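In the two complexes that follow, subunit A is the common piece, with subunit B as its partner first and subunit C second.
Our next item is the complex of A and B:
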């Protein structure tokens, strides 16, 4: 390529890709710099490990890490777990499959905050779920379900919102497997589970990885579900970061932000490796 | 053994009822809560609200920042959609029509905003705004951030559209003596149209729904519908009011999404590049 052409391409890329890289790059750079005491908004700036050292000592920080990882990993795995059988079932069109596919994907259209509101409505102290359980005689009295200690509410919400996304990715991948391959596996005596383990899973591994990673990052960085439906005695990393920021403690917020990004990257690498390791030898 | 057809039918009915429960029940509850008249509370022993009226809707319309939030959101979203489209057009052209080393890497790099957690982007973007003293014009700041954060969508969609422009159409237009503008109009635009609409619509929807940036950059005095809803779900939680806001937020989006799906289905290059 000539220099002229290079300059032309660069000029074309500048307003779009250039802005993206600059903007995100600056945000990430400021986060890292502020976590080391640089770029302070007020007072003196200077390189220091103080904020990291102090933060690592705080119990609220380690608890937030453990909690966010718990939400991220569980949401990703549950979403993919529910989406797989549905994707395989919807591989071939049959009467009504379009309708059910559309209904299953409907939560994609519902805003997270609206979903959280609908959910706390259903599980409210006098909500339909409590009334149903009492009506069926399973529970003696109404139970307090909102903001439960194990964050089951948050997990349910994350799975409700993200399963359709996993379904979307997996349906495409599963539909791309040809009938010949599956018939051949069946003729060779592979049962249902074996066909999944040895044929379908290896052939859809990229879609599975993409779903796991994207859902993991989203759920790891969750703020709104946690604030509305999560346990009150625990904070997610995003929540902790917003808390520090609104108190004007930018450096502490930066430490949490950098940790969040670090875990997102590390987690993505591990999640990408996991399906390949479990399916070792079967993935091309 | 049960036939596959029968199995499908049973599973279908089962799943349809399950999804109906998990979609219809929550939304019916929301509609009913939004209709509860304040004169008599809806207690647990009643299946439907005792007195039904549109009072909450009127009240929210007149006595909350709903109007401001609606104006903000519906000004912000089309502006962000237009800005993202304009900014991404040249990049998409380069990625879709020009072969250059590193093109695949550039395509992946364009997805960067989707990977960095939104609260990290918004908090340190605010920090940047403070440093350059631009934190007063909140509308502009949020608009700028939305345009960039949602550009990956428009770049992706338009790159595919540009790839689908048929070279023979461009060449034919050139051979027939068309000027640059005329070539653009007859060869490019017809093939790009569905992509342009899809990109506008998807950024519009994303911007209307966006919470993290609007919340962090806009707080405390710039409200959009999501930040207003967040407020009513938090410390001053009034269930009927939150129900009104939830419905206002969700209904237009469902309609827009249905349009989007149609558009994406019609995005067939052979049909849209003028001649087949």
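Our next item is the complex of A and C:
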């Protein structure tokens, strides 16, 4: 394309994309500036590495990073893992498939906070699950399932909420694979798992990457699920950021915010690269 | 290598019999074509042989082994798809190697087989390319190579040439036949193109309504069709109803038809007193005289290059003849004759 055409395309994109880039750019710029002591809302402004140095020394910060990455990665992989078989199952229409598909996508329409409270009702000390297990005689008494140490509740919530999104992306990609291609693989000796590994996964890798990245970013920055159902002995990065902000420590909050953005970018790159690298030796 | 044997094969979809009690034997190394109009059951039959459809009833044996309920991935067959079905994310080499790797063929043997197929199909310049970088003919050759490299007992073709232009179709048709012979493969080929079926096959199974109407060599199928459907489907034929007057001991049958009285010579006795008969347009002899001398007025003339197609009005009916004789125009009245052995007796009129 000529320079003139590039400029023309850019001009066409500017009213929409330009505004988004400008607003996000401003927010990112202010966050980065505040993390280095600039744009200080509660004191003197001036460039300083002090906030970063102090933050990197805090155990709560490193624990929050590890915790958020754990939630983000696990939620993304579990969502995709559950979505794939469903997408393959729903690939061809059958009586009731439309209803099943709609029901599976229902969590997309439920707000995160509502979902979290619904979940609490299920797993609470006197909740439905406890009563059911006792009623069936499996458990002798109620168990404490809420705010578990390993954040299994949060992972379940994240997967429940995000799996439909992965399903939405993967269903389209899986449906785009022709029957003949799958039949050819079968005809050449590929069983169910090999057909998935050597044909379906490589041909839907872009949808898989998109699902992994988007779910990872959302789960990494989770606040509501963590506050309601997460463990009480550790904080997510978003929770930590809000904690600092509530205390008027804007620069510390900015350090956490910038870290969150950095991990989101780095994690996205890694999650995008991982499926490609894994599927590179696709024939072997 | 091995032959195929099918007994009482039946495939029903919601009570509709797509294939109805079909049975046949195919010898090792034979090239069989399933020919018929759309919906006649030929692809269903092929899918049952390849294992993608489990028959409602009946059995299939490949190389003597009962494979009726064996899934496709465990059958010693290879299917060439109409759409080629190449793996779009794999290079030509990876496509060719796919099945060999699945079957865990040792690397040395894999390389030998690959070289043989790549050489036979002239694919070496394209090994590193992706399918979308190839022309239709090249993709077809890769699909063929991917099946051949497996060295299956039976190779199956589902209208593999239908997406190619006429010129390329001729080339690939010859190529497929040559390779099938060279590798000694038993082949089942599905097509609705009768010219393709006649040109390629050892035997042709003409299918209609889920049944095999006639299975024969291309020559016999063309020269001695058993039913009016086969006569009409394979090439052009003049099919007409006839009253059987007399049958003598030498197989000469005296017939009354809308064209006038005709004398037919047949080794098979007529199926009834009122039957259908047929003759080929190119059998009309404008120079000769004989027992079946007919005349008619030319109502339509179409020059076809190596012959001229003439539609004639003869008595109460019409017929079609083909001649190499130039100069005949619409409105001319011409006389032609048919040899008794060129008139074929078909089924009885219901």
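Basically, the second predicted complex is superposed on the first by the 263 of 284 C-alpha atoms of A that agree within 3 Å, B and C clash if a C-alpha of one lies under 4 Å from a C-alpha of the other, contacts with A are read in each partner's own complex, and residues count from 1 in each chain.
Assume contacts are C-beta pairs under 8 Å (C-beta built on N, C-alpha and C of every residue); 3 or more make two chains touch, one makes a residue touch a chain.
The structure presented is a predicted model; accordingly, all values stated were derived computationally and were not measured.
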item	value
Fit or clash - subunit C, subunit B, common subunit A	fit
Touching partner for A:264 - first (subunit B), second (subunit C), both, neither	first
Partner with the higher number of touched subunit A residues, subunit C or subunit B	B
Touching partner for A:131 - first (subunit B), second (subunit C), both, neither	first
Touching partner for A:118 - first (subunit B), second (subunit C), both, neither	first
Contacts of A:191 with subunit B and subunit C, given as first, second, both or neither	second
Subunit A-centred angle between subunit C and subunit B, computed on Cα centres after superposition, in steps of 10 °	90
Closest approach of subunit C to subunit B (Cα atoms, Å)	8
Contact footprint of subunit B on subunit A as seen in their complex	1, 5-6, 9, 11-17, 19-21, 23-24, 26-28, 30-31, 34, 39, 41, 89, 94, 96-97, 99-100, 103-104, 106-114, 116-119, 121-122, 126-128, 131, 142, 160, 214, 217, 220-221, 223-224, 227-228, 238, 241-242, 245, 250, 253-254, 257, 260-261, 264
Of subunit C, residues touching subunit A in the complex	50, 52, 71-74, 77-79, 81-90, 94, 97-99, 101-103, 146, 150
Touch list for subunit B against partner subunit A, complex	5, 8, 11-12, 15-16, 19-20, 22-23, 25-27, 29-30, 33, 43-44, 86-94, 98, 100-101, 106, 109-110, 112-121, 123-128, 130-131, 145, 148, 151-152, 155, 209, 211-212, 216, 226, 229-230, 233-234, 239, 242-243, 246, 249-250, 253-254, 257
Subunit C-touching residues of subunit A, taken from the complex the two chains share	178, 180-181, 183-191, 194, 198-199, 202-203, 282-284
